[in-house]
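Two complexes are shown next, each including subunit A; its partner changes from subunit B in the first to subunit C in the second.
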Partner chain A sequence: MSLRIGRLAVTVLLILVAAAALVVPPAPAAEDVKIALVAPLSGRWARQGQLKKMGADMAIEEINSQGGIKALGGAKIVLREADAGDSVEKAVSAAQRVLTREKISAGIGSWLSSFTLGVTEVAERLQVPWLTLSYADSITERGFKYTFQTSPVSSVQAEQALELVTELAKKNNRPIKKAAIVGDNTAATVFFFKPLREKLLAAKGIELVVDEVWTPPLADATAIAQKLRATQPDIVFYGATNFPDSIQVLQKVKEFSVKAPIQGVGAWLVTPEYVKTLGKEMLDSIQTVVATHPMKGQEEIVKRFTQRTGEPFMTQDPLCTYGHVWLIKEAIEQAKSADPKAIRDALAKIDVTSGPAATSFYPNRIKFDERGRRVGATPLIVQWQGGEPFTVVPTAVATRPVAWHK
Partner chain B sequence: MVVAELAQYVATGLLVGGVYALMSIGLALIFGVMRVVNFAQGDFMMLGMYLTYFYALAGVDPLLGALLTIPPFFVLGWIVHRGLLARVTGGGDPQRQMDAQLILTLGLSLVITNATTMILTPTPRGIRTAYATQAFTVGPILLNEARSYAFAMALVLAAALWLFLTRTDAGRALRAAADDPEAASYQGIDVRAMHGLAFGAGIALVAAAGGLLATYYPIEPSVAVNFIVLMFVAVVLGGLGSIPGAFVGGLVIGLVQSLTLLALPFQLQNTGVFIVFLLVLYLRPQGLFGRRARTV
Partner chain C sequence: MPSHARSWLAIAAVVAFGLVLALVLQERYHHRVLTLVFLWAAMGLAWNIISGYAGQISFGHQVFFGIGAYVTVLLVVKLALTPWIGMGIAVAVAVLAALLIGLPTFRLAGIYFGLATLAYPLIFRIVMDWLGYQEVAIPMMRERPAWFMQFSEPRSFDLLALGVLAATLVLSRAIETSRLGYRLRAVKENEQAAEAMGVDAFRAKMAAYVLSAAPAAVVGAVYIHAILFIVTPDAVFGLLVISQTLVVSLVGGIGTLWGPLIGAAIMVPVSEVLDSTVGDRLPGIQGVVYGAALMLIMLGAPEGLYWRVRQAVRARAERRAAPARAVTLPPMDTTPASAPTSTVLLEVRDVWKAFIGLQALSEVSFDVREREILGVIGPNGAGKTTLFNVLNGFLLPDRGTIRFRGETVTGLRPSGLCRRGLGRTFQVVRTFPRLSVLENVMVGAFVGERAVGRARAIAGDALSRVGLGDRADAFPGGLTTLELRLMELARCLATAPRLVLLDEPLAGLSTDGVDVMIAMIRRVRAGGVTVVIIEHTMQALLRLADRLLVLDQGRRLAEGAPAEVTRNPVVVEAYLGKRWLARMGTPAC
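Moving on, here comes the complex of A and B:
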C-alpha cells in the first residue's frame, strides 16, 4: 500500500516537473528606473517644489503610458522626491538621503540656486547626473562632470533683459536714464544683479539710483518704496523670490504711486497666486525674464497640464521639470542603461532638437558644453497681461505681443 | 525733508511694531503664568491667518474676521492645554518638565506646519483688501491703512487684556496663580484652570494678531518662521513674562527695524534689532520691564 502511494507521489512529482519545464518562463519584468526630485516641498519655497513635481508627474505618466523606456524593455520611470525644505543644509541632507537609500539613475533640482549649489555637490560626489533649472552662473563654474544646467545663466539673462528693456523704452520714447535694483540675496538674483551693477548699466550710460538687497524675509517694504518714489527710476530690476516679500514690495509700490516699469528675474513672479493676492490690474505689464515658459506651439502641453492639475496656466517650473524628465528618458534610451555613469555620458553627448524634451526649452535644442551648460540657451521674457503671463520675447515663439508699461 | 523722512521711518516702525506687540503679548502671557516657552505660538498665528482668510472668503471683512478668531482659538488653546500641556506642567521636577514642554511645543509646531502644508497645500493665499495698498496722508507722511487699522486693533486688544488682568476677579486670580501657584491654590484658586485660561487667551491673542497681519501679508503654512524669532526677542527684551514689557518690546523691534535702515543697508535690517537686544540684556539683564519680570 505504502509502495503504491510512493509511486503515485513520484509520478505526480514527475508530471509537475515536466509541466513546469514546458511552461515558458516569463521574461523578467524590466526593473523600474528611479529618478530623484529634490525640491522644496515645505517651507517658504514649497509652492515652487509643488509646481516642479506637477511637471515631473505629468512627464512620467506620459512616458510610462507610452510604453516606458524602450531600450530597457519598457522599464517604467518612478519618481523619488525629497524635500529640500527652506535651507541649504536641509536640501543637502535630503539629496544625501535620497541618493544613498537606493539606486537612483538621475536627479532633478533644487529650484533655488543656493540649494542647487549644495545639492549638486552631493550628486557629483555620488556620481549621479543632475539636471537643474537654477540660474546662478557658479553652478556650472566648478568643473563638475555630473551637473547639467538647461537654463541660461543669470549673467546672460541680465544682459539680454537689459538689451530688451532699453530697446523697448527707446521705441516708446521713454529712454532709460535711471535704474533701480531691488531684490533678495539668493544666488540667482545675486548673479543677475552683479553684472548690471558692475558694468552693464554703466556701459549704457544708465545711472543706478537705488540698490536695495535684503535677506528674506523682508520685514517691511516702506523704505524701498520711499526710495523709489524719491528717485523716480525709469526701470526697476526686481528679484524678490520669497512670495510674502514680493507682495509687500508690490503693494508698497502701488501705495506710494511709483510708476516705473518692473523687470523681474525668475518665474516666481508669474505664479497664479499673484493674481489672487494683488488682482490683475496691479500686475499688468510687469515682466520677468525666465528660463522657459509655454511658447507658441505648446498649447497642447499647456492644455494637458491645466486639465490634470487645475492650475490656471503653466509656467517655467513645471515645464522645465517636464522637459528634464523627458531628457533623462532620452539619455537612458541612448545609453541603453539605467546606470548613472552611462546616463551622464549620454547627457554629455546628447544633441536633440525635437520631442518633448527639446521643445520645452528655447531654442529647441539640447546640447551641453563641457561645463554642462546648454549650448545657445536663451531666456524668454514673460509679461502679465490681463491676469495671465504670456511669452512676449523672442517674437518667433511669443504668444502675445509685448506691451510697454503705461 | 530730513525730518519728514525720519518721521516716516518712525511711523512705519511703530505700525509694524504694533502687530509684533500683539503677537508677543500672547507669548508673554503664557510664559508669565505657566512658565511654558511656546514654540508653536507662531503656528497658531498662522492658523489664525487662515481662519481669517476663510472668513474673508465667506464675505466677512478681515478686520472683523481677526476679532472672530478669538473665540474658536481660545477654545482650541484650552483644549491643547487640557489634552497636552497639562501633562507636563504644574508640578514635578522642574528641569524634566521644562525639557518635556520644549519638546512638546516644538513637536506641536512641526505637526501644525506640516499638517497645514498637507491639507491646505503650500500655495500662498492672500486676502485682497483695498486698504492694503492705500494710505492715510498725514502731512508728508503716508500711513498704510491696513497697518494703521491693525495697529489700532492691537492697541485695543492689548488694553482689553490689561483691563481683564487688573480689573476682574478672574484676572486677579490669574496673576495670583502666576506669582505663586502654591499660595494661590491655598486661596482656593484652581491653578490648572488658570493655566488653561492663560493658554487659551495667549493663543487667541496671537491668532487675532495673525488675522490682522493677514490684511496685508500673504498666508502660507511656513509663515510662522518669519515672525517667531521676533516674538521671542520682544518677550525677552521686555522682561520675560511681563505683558507691558512684551508690548513695548514689540514696538521697539518694529521701530529699530525701521530706523536701522537710516544707517545700515537692508541686508542688516535685523542686525539693528539684535544689537539693541544684546545692549538691553547687557545693561539690564532682566529686560526693559525687569522689575516686574515673571509676573503679569
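Moving on, here comes the complex of A and C:
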C-alpha cells in the first residue's frame, strides 16, 4: 500500500517536473519591456481571464511586429501572466509574485473588482502603474496614485445608462414609466442597482414595480417571470452575472411571454455561450450596458481577433486589455523609459484621442483625472442582433442601428 | 515536569525558527508565503481548540474569522479606528457571537452540531450583502501606516502573524495542560462518562468555543491587513477559509497543537509553489496537483502526520515495554469501618419513568443509609439501570423526587450530582480511550481540584488504592477487564464521592477477579463511602450487601436483609417462576 503510494507520488512528481520543463518560456532579451497580466486563468472565471489574455497577446504581437517601442530603440513587449485563480488571496499572491520576481513596467487586471481592489494595493505599494477595466467606485476612491481605471465607474454607469435608455425609448415613442430591477447580489450588480433604486429612477419619474434580488444560485425563476408578466414594466434592468441563473431567467421570461425589453447591466450578457445555449432568436433585441465594445472603425481589429482566436466576436474583456496594452505602449513612448514610476507619471499626464488605445474606449479619448479615472468615460449599449452583439448606442460609434422592441 | 518543559521549549524553538525565517527571507513574495503559513497555522490551531480538543467538529468556524475581518475593517473605514484597538473589539464581538451561536447549537451532538455550524457563515454572508458590504477596501493611510497596520516592509507582517501564531500556540498549550483540556478530551472521548465524572459538558464545550473564536477573529483581522487588503463576504465567510483551515489541521493531525502547525508548514508552501511554478504556465494544474498531494497524505496518514509519526515512534518504544501482570491489592492500612448508620443519605420517593409505551419504573421508593452497601437485584429488564440513570441524572423521572444529603436533586445534570458527591460506574466500562489510565482518573479528580498537579496526585493515590499504581501510564485499550473495572472505580473515587452507584461491577470477571472486586468494594465502604450496587451474581451480592432492594417490571418487589429477601416467595417467583417455587418449597439461594 505505502509502496504504491510512494510510486504514485514519484509519478506525479515526474509529470510535474516534465510539465514545468516543457513550458519554460524563452528568456527575454535584455531590453524587453515586461508587463504583467493578473487575471483568473483557472477556476470559475477562467474564461474571462483567457479572453483578456487573447486581447493582450494580440496587442503585443501588433506592437512588436510594428517595430516595438520606438522611444526605447524598438524594445519588444513581453507579457508575464499570473493566474489570479478564484479567490482574492490567490489574486493578491499572484500579483505579489509577478511584480517582485522581475522588473515589471506596468500591469493589467484583474477582471473581478474584488480581485482588482486587492491587486492594486500591491501595485501601489510596489509603485507599478496598473490599468483595470473593473467598474467599482472604490478602486479609485482610496487615493491611489498608480491605479488607472478606463471604465466608467458603477455609480456613473447607472446614471449614464439610464440616460441612454430613456432617450432611446423616447425616440421610439415608448417612454419608460415603469421599471423592474432583477438581479443577483454580487458586488458589480449591487453597485449598479443601488443608485437606480435610491434616486435615479425617481428623478426620472419612473416607478419601480419589481425589485427582485437573489444570492446565486437562483432556485427558481418562475416567480420573477410571473411578477414581470403581471406588472408589465417598460424596461427590466437585469443583472444575473451567474450564467446558469441568467439562462434560467431568460428562458422563464420567454416562457411567460414577458414583453418588457431587457436591459442588462454588464458585459457578462454578451458572451458566445449565450448563443450556444439560448439560440439567436431568443437573444434578439436583448441589450446590455458595457464599459466598451468594438465600435465603428474597429472592424479591422475585430476581424484580426476572430481570425486568430476562433472566437465568433470580440467583446469588452479582450478589447479592454487590447486597449490597455496599447495605452501602456503610448505611455512608455511618452516617458521614453521602461521605469514604472516614469510610466505612471506619463499615464497621469497622457491625453490621446487617436490610435488603437484611444479608439478602444468611448469616447475616444484617454485622459485620467487625479483619482485615476478616465475623464468622460461613458458606457455603451450593446444589443444582440442575429446572434451577435453590436454596439447600438451612442449612434456616433454604433455598428448597427438599434432594434427597439415591438 | 520534564515533558512540560520540553513542550514550552519546542514552542520557543518554533517561534525562534519563524523569526529567523522572517529575517533571512528576501523576496517579498516569500514573506507573503511565510505570513500565510503563520496565519493558517494559527487559524488551524483556533479551530483545533473546539474541534480537536473538544471534538465538536465546526464546519462554520470562518464565521469568527469573518467577524474579526469585518469588524476591524469597518471600524477603520467608518471611524478611522486603528485595527490594533479594532482587533480587541472584534475579539469581543466574536466571543459574544460564539456564546450566541453555542447556546442553541451545543444542544446538538456529533455531526448535527457540525452541520448546524455550516449555517452561521451563510447567514453572515447574506447579512453583509444586505448591508451593502460586498467589497470593503481598507483606505490607505499614508500618514501613520504602522498605526493602521499598513506596513510597507513585508517583515512587519511576518512578525505580526508570528506573534498571533505564538499566542495561539501558548493558548493551545495552556488549554492542553489545564483542567479544561483534560475535561474537553474526556467530553470528546465519551460525553456521558465525562458528565458522570462531574464534567459539565455544555460549559466545557462553550468555554472551548469561546477560546477558539477569539484567536480566529484575530487571525481574520490580521489576514485582511496583511494578505487581502479588502474584505468581501466570499473571501472571509466563504468555503475557501474553512477548507484551508481543515486542510492544514487534518493533514497535520487534530487534537494536538503541533498538527495545524505541521499542516500549514507543508500545505501552504506546496500550494504557493505549485501556483508559482506550474500554475502560471498551465493555469488550473496547480489545483489538480494540490488535490492529489492532499489525497496521498490522507491515504498514507488519515489521522494526520503528527499522529502517524508519533505512532511510529511509540511502536518502536513499546516493543521493549513490559508485559501485563496480575493485579494485586495493596495491603489494607485501616481496619474495616463500622456498620451502616441510620442517617438517610439518599431518599427516593415515588419515582416513575416511562419510555414511549414501556413503563420502566413505577412508584419506586426506598432509602439508602449512610455507609451501607445496598444491592439492587431483579431479573433482566426490571429497570435497574434505568433506576441508576434516573438517580445520577442521565434521565429525568416523569414523577417523583430524589433527595441526596437532604437536598432535592431531581432534574440536576449528572455533572451537578457528581459534584455533590454522587458517583457512578457503568455496566459496560466507559473509558476515555486516548487518555492514559492516570489521565482517565484525573478527570474525576478535577471535580474537587482545579490545579493539574494536585489532581494528578489525587489520581495517582486513587490508582494505588485500587492496585493500579504501576499501570498509570498505560492506555485503557491495553487493560484487562478487571483492570478496567478498577480504573473506573478509581476514577469514580477520585471525585471524592459520598455515595457510589456501581452498575454490575462484577460482570465479566473471573472468580479471582470477583474476589478482588468484592474486597475492593468493601474497602470503599470502609473508607466511609456508601455503595449502591446492581448485580446479577446473587452469590456475590449475598456476601457483599447489607440490604437488598428487589425490582421487578419497574416496581419495588421487596426490600430488606439479604437472607430475608431471598426467602421471600414473591422474589423467588419473579426470578425463577411459579413452578419452581411450587417444586422447591423453600428457595435455595
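Everything that follows uses one rule, which is that the second predicted complex is superposed on the first by the 360 of 406 C-alpha atoms of A that agree within 3 Å, B and C clash if a C-alpha of one lies under 4 Å from a C-alpha of the other, contacts with A are read in each partner's own complex, and residues count from 1 in each chain.
Note that contacts are C-beta pairs under 8 Å (C-beta built on N, C-alpha and C of every residue); 3 or more make two chains touch, one makes a residue touch a chain.
On a predicted model such as this, the values are computed, not experimentally measured, just so you know.
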Report for A:A46: first if it touches subunit B alone, second if subunit C alone, otherwise both or neither. both
Quick check on the superposed pair: does A:T215 touch subunit B, subunit C, both, or neither? Answer first, second, both or neither. both
Which partner, subunit B or subunit C, touches more subunit A residues: C
May I ask you to decide whether A:L278 touches subunit B, subunit C, both, or neither, giving the answer as first, second, both or neither? first
Looking at the overlay, what does A:F191 touch: subunit B (first), subunit C (second), both, or neither? second
One more residue to check, A:G372. First (subunit B), second (subunit C), both or neither? neither
Return first, second, both or neither, reflecting whether A:G264 touches subunit B, subunit C, both chains, or no partner chain. neither
Contacts for A:G118 in the overlay, against subunit B (first) and subunit C (second): which applies, first, second, both or neither? second
Quick check on the superposed pair: does A:G143 touch subunit B, subunit C, both, or neither? Answer first, second, both or neither. second
Which superposed partner A:G239 touches (first subunit B, second subunit C, both, neither): neither
Footprint intersection on subunit A (subunit B / subunit C) at 41-43, 46, 49, 185, 215
Provide the residue numbers of subunit A that touch subunit B in the complex, in ascending order. 41-44, 46-47, 49-50, 86, 185, 212-215, 217-220, 222-224, 226, 243-244, 247-248, 251-252, 254-256, 273, 276-279, 282
In their shared complex, at which residues does subunit C touch subunit A? 27-29, 32, 36, 125-126, 129-130, 132, 134-140, 142, 152, 227-230, 232, 234-235, 238, 240, 272, 275-287, 289, 292-293, 296, 299-300
In the complex, subunit B touches subunit A at residues 5, 8-9, 12, 16, 113-114, 117, 121-126, 128, 132-135, 142, 144, 216-218, 220-223, 225-226, 254, 257-258, 261, 265-267, 269-270
Touching subunit C in the complex: which residues of subunit A? 2, 5, 8-9, 12, 16, 19-20, 23-25, 41-43, 46, 49, 81-83, 85, 87-90, 92-94, 96-98, 100-101, 113-114, 117-118, 121-122, 124-126, 136, 138-139, 141-144, 185-187, 190-191, 194, 215
